[in-house]
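Should a chain be cited, it is by its letter among A, B, C and D, assigned in written order, with residues numbered from 1 in that chain.
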Amino acid sequence: MAENGRPKVAFFDFACCEGCQLTVVDSLQTHLELVEAVEIVQFREAMTEKGEDYQIAFIEGSCTREQDEARLREIREQADIVVALGACAHIAGVNAIKNVQPSLQDVREYVYGDKWEQYDSYAARPISAVIEVDAVIPGCPIDRFEFLDVVKKLLLGKKPSVPDYPVCVECKLKENVCILETGGTCLGPITRAGCDAIYPTYGVGCLGCRGLISNPNENAMMDVLEEAGLTVEQLMSKMTMFNAYEPAHIGEAVASPAEE
Amino acid sequence: MIESVVDVAQEESVYLPQMAQLLKIEQMTELEKVFTLQLPGGRSLGNDPGQFVEVSLFGIGEAPISVSSSPSRSNGTFELCVRRVGDLTNALHGLEPGDVVGVRGPFGHGFPIEKMRGRDMLFAAGGLGLAPLRSLINQVVDERGAFGRVIVLYGTKHPSEILFKEDLKAWEERDDVEFHMTVDRGDEDWTGNVGVITTLFPEIAINPRNTIAATCGPPIMYRFVLMEMQSKGIPETQIYLSLERRMKCGVGKCGHCQIDQFYCCQDGPVFTYAQIKGLEEAL
Amino acid sequence: MSLWVIDKQAMAPFVAKLMDDYRVVGPLAKGSQFAFDEVEDPADLRLDYNTSILPPKKYFQPPEERLMTFRRNGGTTVQPIVEAEPTVILGIHTCDLHAMRVLDEAFTQGYPDAHYTRRRRQAMVVSVECLEPCMEHSFCKSMGTLTADDGYDLHLTDLGAAYAVDVGSDEGKALLERFAEARPAAEADMQQLNKVLGAKWPRFPYKLETEVDELPALMSQSYESPVWEELAEICLACGQCTIVCPTCFCFDVYDEVDLSLQDGERRRRWDSCQLDLFATVAGGENFRESQAARLRHRFMRKGRYLRKKYDALGCVGCGRCARSCPVDISPVNVFNELHQVRA
Amino acid sequence: MSTVDVNVNVHHLTRVEGHGNIVVDVQNGELKQCELQIVEAPRFFEAMLRGRPYYEASHITSRICGICATGHATASLRATENALGVEVSEQTELLRKLVFHGEIIDSHVLHVYMLVAPDFFGVGSVLPLASSHPDVVKRALRIKKLSGDLCAMISGRHTHPIAMTVGGFTHLPTIKEMLAVRERLVAAREDMDETISLLATLPWPEFERETEYVSLQKDEEYAFIDGRIATTDGFAYELPDYRNVTNEYLVPHSTAKHTKHNRDSYMVGALARFNNNYDQLHPRAKAAAEELGMKPVVTNSFLNSGAQAVEMVHCVEDSIRIIDELVDRGIEEEPPYEFQGKGGEGVGSCDVPRGILFHNYVIDDDGVIQGANCIIPTGQNYGNIEADMRALVPQILDRPQEEITHMMEMLVRAYDPCISCSTHFLNVEFV
């Protein structure tokens, strides 16, 4: 069988909060055998060793600087399989909110004042905008069981796929009272499942952190949100909390949603 | 808590595979291999031509695969011709003789051979569609006396994709089988017909009233082959085709293979054209 | 069969006693709605509930279940399992009783499904008569499911101070005798039952603008209707409608292994024909590629296909799908629209 | 005069959160350069908050840091609530304290066991300990699971909490769930005792340097949420005056801002809280401190890890107390907050695992955020870390370079720096 033995894996991070790597560490609470199943050769957040010989690279974080691109290419060169770990790497996540601010200079000035030019940063990109990606583990942060699931698929030689149906499916399987029915707003109908509908389960409408399904009916979704009472600005905010990255926006200033 | 897990061995879950051993594995083309399997104790699979089995690799999953050997040649074994396209089929291609796989079935309605005896037979197979048809063709050949004319048309995209070369040769060499084949695109060694399978139809003339046609191939092929068959006057009730659908259970429960009111796994995979024509989702 | 009466004060002790011998499930409050769940305190039971979020079918076909466990090392071994335990389901509405017939047919025809049948056999069904329309979305009266004369072990009708109990099976009778303080219905009880049932029917509206028996024909004629494309514009393909439907039973099967890749289980989980990949096969061919085709498939199944196959309609008018649908697509409206277009 | 040359260059320090480099350059015994360079990609959260509805702030800012996510969310909610004039119920306060304790335990156990302990066992990570010291690793994972489950019970999960919202919670734990966690907390006392015993045996480096310690303070309890800002140099400020303490400035070698107050630098974090608020610790926590030989004011920065262990003991005890109180009161559904059409400015502060944290928002009458400032604990520690480095290097110059490097790493790590959260910045012009 096309099973892969005990592959060497490495973890890398770019612009992110490292919550996904932390979730990987958390997965040891219930699955300590992970350290037997794979050989971790690099994991800066948790270990000193830095092995450069690895087959599987898990990459967390968005690409936000030119220097990130070179590093990403190096990793791609070495790894047989590159997995985008979490929303920042998968869809640029919250980092891309800055892409839809009035301008990137404005963003840098707001934080670093007249020294803004010292602090290099361009529009946030998912890593797939720079290198080819073999698999994604969506979410902000990732779901630790989905992480383990992808690892197992890789070990079995299967395609490391994640669900391509909406959060509503999982939400209804859990028999949650729908947030839309209680007057709230929720992106569940167009957002990729795999989180076990954790937001609606805890009383908050889905924020879209796992990115959209392959064929979302975005227009219908926006109508539903408007019906639920969101203003156009609020609606745009909702749609861009995690999903602001648009290749078309890169390199140009875009009007802030609040200014439309 | 009340004990909630019950052993159902005595009740035989329909989802429970039997373990079959791989006796022989033959690489046919780049993507296809033929597997010879044996059930425990050499038990016969008891399939009709056109039926399929659900093949399991534990941890990977299950997939429906047509039985491509014919009951008339079973010897306690059966053959599957599998194209490598995804998880299960990839993993299957990685196995070796002696390995064990799970098998459920045979399932579905195959070709009704009893209705075919005494008739002329026209077969049209495209690509991997030969896998289920081979089962029927060899059965017909083995009972040759019980049938009228036997015409076999076979088309593939490229000479490198030709399957079951030994069978093809045997059919070609027989005087009582009219065998024609073609490739969409030839290569330097190819001396035969070039063109899609429908280009073979003008070469043959038949008595439509007495002919039963059976066809299997990729979805795009059907439309044209069916047109050719009808234009020769074969009644819709005498044209049989085998359809492929997504299937998860194979026994008419999971709903994936539904084509309008039919369940492909139960009512099919072999249908008459009369049954499914007009069903937008069928072809 | 026979008619009995249980006083309302006797209900809680009845339920409590059942809990000694069975897993007892019934409608409980869940936020602003109701869900069937295990009863821990008989006082929590809400027989006055309106339609539960998921139908009680989940006790026969759970949202997720194990079909077998396996070991992959050495000689592969497989162990089939059915997760079932003796259960009393309290408070099933009659629409859901009708829906159970569809499932019974689907899981017993052809190859019986031991996982379903075992659970079904171990379940005692105590249904309850609806006396008031439960929510704006339901249209049970139109679908002929506002009452039922079989399919239950016991059937309760609220008489005010007591419940009338119709006994529907020998098992039901035994249950009543063993666990409840019930008495045979007297003349006065029957009078009261007649009054209650007589008063109930006018409270429920007919919503379907055609006869329910007409539906299969209507659906046949509506295959090419422009309605499907129109609905597809607004449908989110979120799949909620099918997940909550009491007559839907499609499922997906998948394997799970542990990290050592040695032990695992084969599981199944509810699936939905409204999802993109439901009918996609290797090579990417999708036999119902557009949402319009998928919606049509769903309604054809409800109004025609299942009737042909199982002699029972695939819609019982419970209204769950309409309540869940973010864009308010409701079967009765769809049927009416098709009817109007045809007329 | 010494003739030693030392050149320490640690690129991307490991077992910390985020990217930092340590550069120490000693020529002829003279310290030429001694820096903690922060090379983390800046993320611009404050700028990103502008134009977003107020209710998004806690969800967005929790993404500043995966480890102190609950702390950020809490500070963010307090800032918003102060800006909008929202009063929260006692139940909400109790639940927030409880979930906060969960995060403190979660973060401290991670730091003490998985990031710091390997240094003492002479290994590069916790992974080899799984086979050499399985008891230690299993204990760490057990405590971590407990704290994670405690957080999940209330807010859905620890990293990026879900149910915490302006004015309260969108989901409430049940009594049954709380009692189940309580039972595990009681059982965890044993793990706490073992943790303290373990730490008591470790050879903590000897290093003393007096500095100013800054933390929240309350009279009635060991402060984590709200209160006043107190320093061991005797200063006290109300929260809205936080800038009097932080005085942020930029340095060229860092994408994070530095801060200073009464001296050139100050320290925040577990040790600062311990030094300021020792009196309010639970008796069991005080006993633990005694076992570790710690009494305020402790001036050895390495013992920040000791203070973390003491706080873990405190949080376990206080969580039990809070659960008892909640069970006593019963859990009640509360109506969700509704925006009143009136904005304002507010400051929220929490003392998160790594120290005092400020969020400051200006919200307009449409509920839209117009300005934001966040000051993160690790940013406040950078100046102090460098001061410690400058003080420590001369004391250990006689050691092999490798050991010096290792000591530097251990020193920085002792602060439990959260580098990714500290890269943000200044010059906030509120409208």
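Here, contacts are C-beta pairs under 8 Å (C-beta built on N, C-alpha and C of every residue); 3 or more make two chains touch, one makes a residue touch a chain.
This is a predicted model, so every value here is computed, not measured.
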Dominant chain pairing [most C-beta pairs in contact]: A-D
Chain separated most widely from chain D, comparing mean CA positions: B
Central chain (by mean CA position): A
Chain A and chain D: spacing of chain centres that average the CA atoms, whole Å: 25
Distance between chain centroids, defined by C-alpha means - chain C, chain D (Å): 51
Chain B and chain C: spacing of chain centres that average the CA atoms, whole Å: 38
Averaged-CA centre spacing for the pair chain C and chain A, given as whole angstrom: 37
Overlap residues in chain C, where contacts from two or more other chains coincide: 257, 261
Residue list for chain B, restricted to those that touch at least two other chains: 59-60, 86
Junction residues of chain A - those touching two or more other chains: 156
Complete list of chain pairs which touch one another: A-B, A-C, A-D, B-C
Chain A-touching residues of chain B, taken from the complex the two chains share: 57, 59-60, 86-87, 90-91, 94-95
Chain C-touching residues of chain B, taken from the complex the two chains share: 2-9, 11-17, 19, 58-62, 83, 85-86, 89, 100, 102, 218-219, 244-246, 248-249, 251-256, 258-261, 266, 280-281
Residue ranges of chain D in contact with chain A within the complex: 12, 14-18, 40-44, 46-48, 50-53, 56, 59-60, 63-67, 69, 110, 114-115, 118, 124-127, 130, 137-138, 141-142, 144-145, 148, 155-160, 162-163, 165, 169-171, 250, 252, 255, 368, 420-421, 424-428
Residue ranges of chain A in contact with chain D within the complex: 14-23, 25-26, 28-30, 32, 35, 40, 43-50, 61, 64-65, 68, 93-95, 97-98, 101, 106-115, 118-119, 121, 140-141, 198-199, 201-204, 207, 233-234, 237, 241, 256-259
In the complex, chain C residues that touch chain A: 30-33, 35, 53-54, 63-64, 233-240, 243-244, 256-261, 269-270, 272, 275-277, 291, 323-324, 326-327
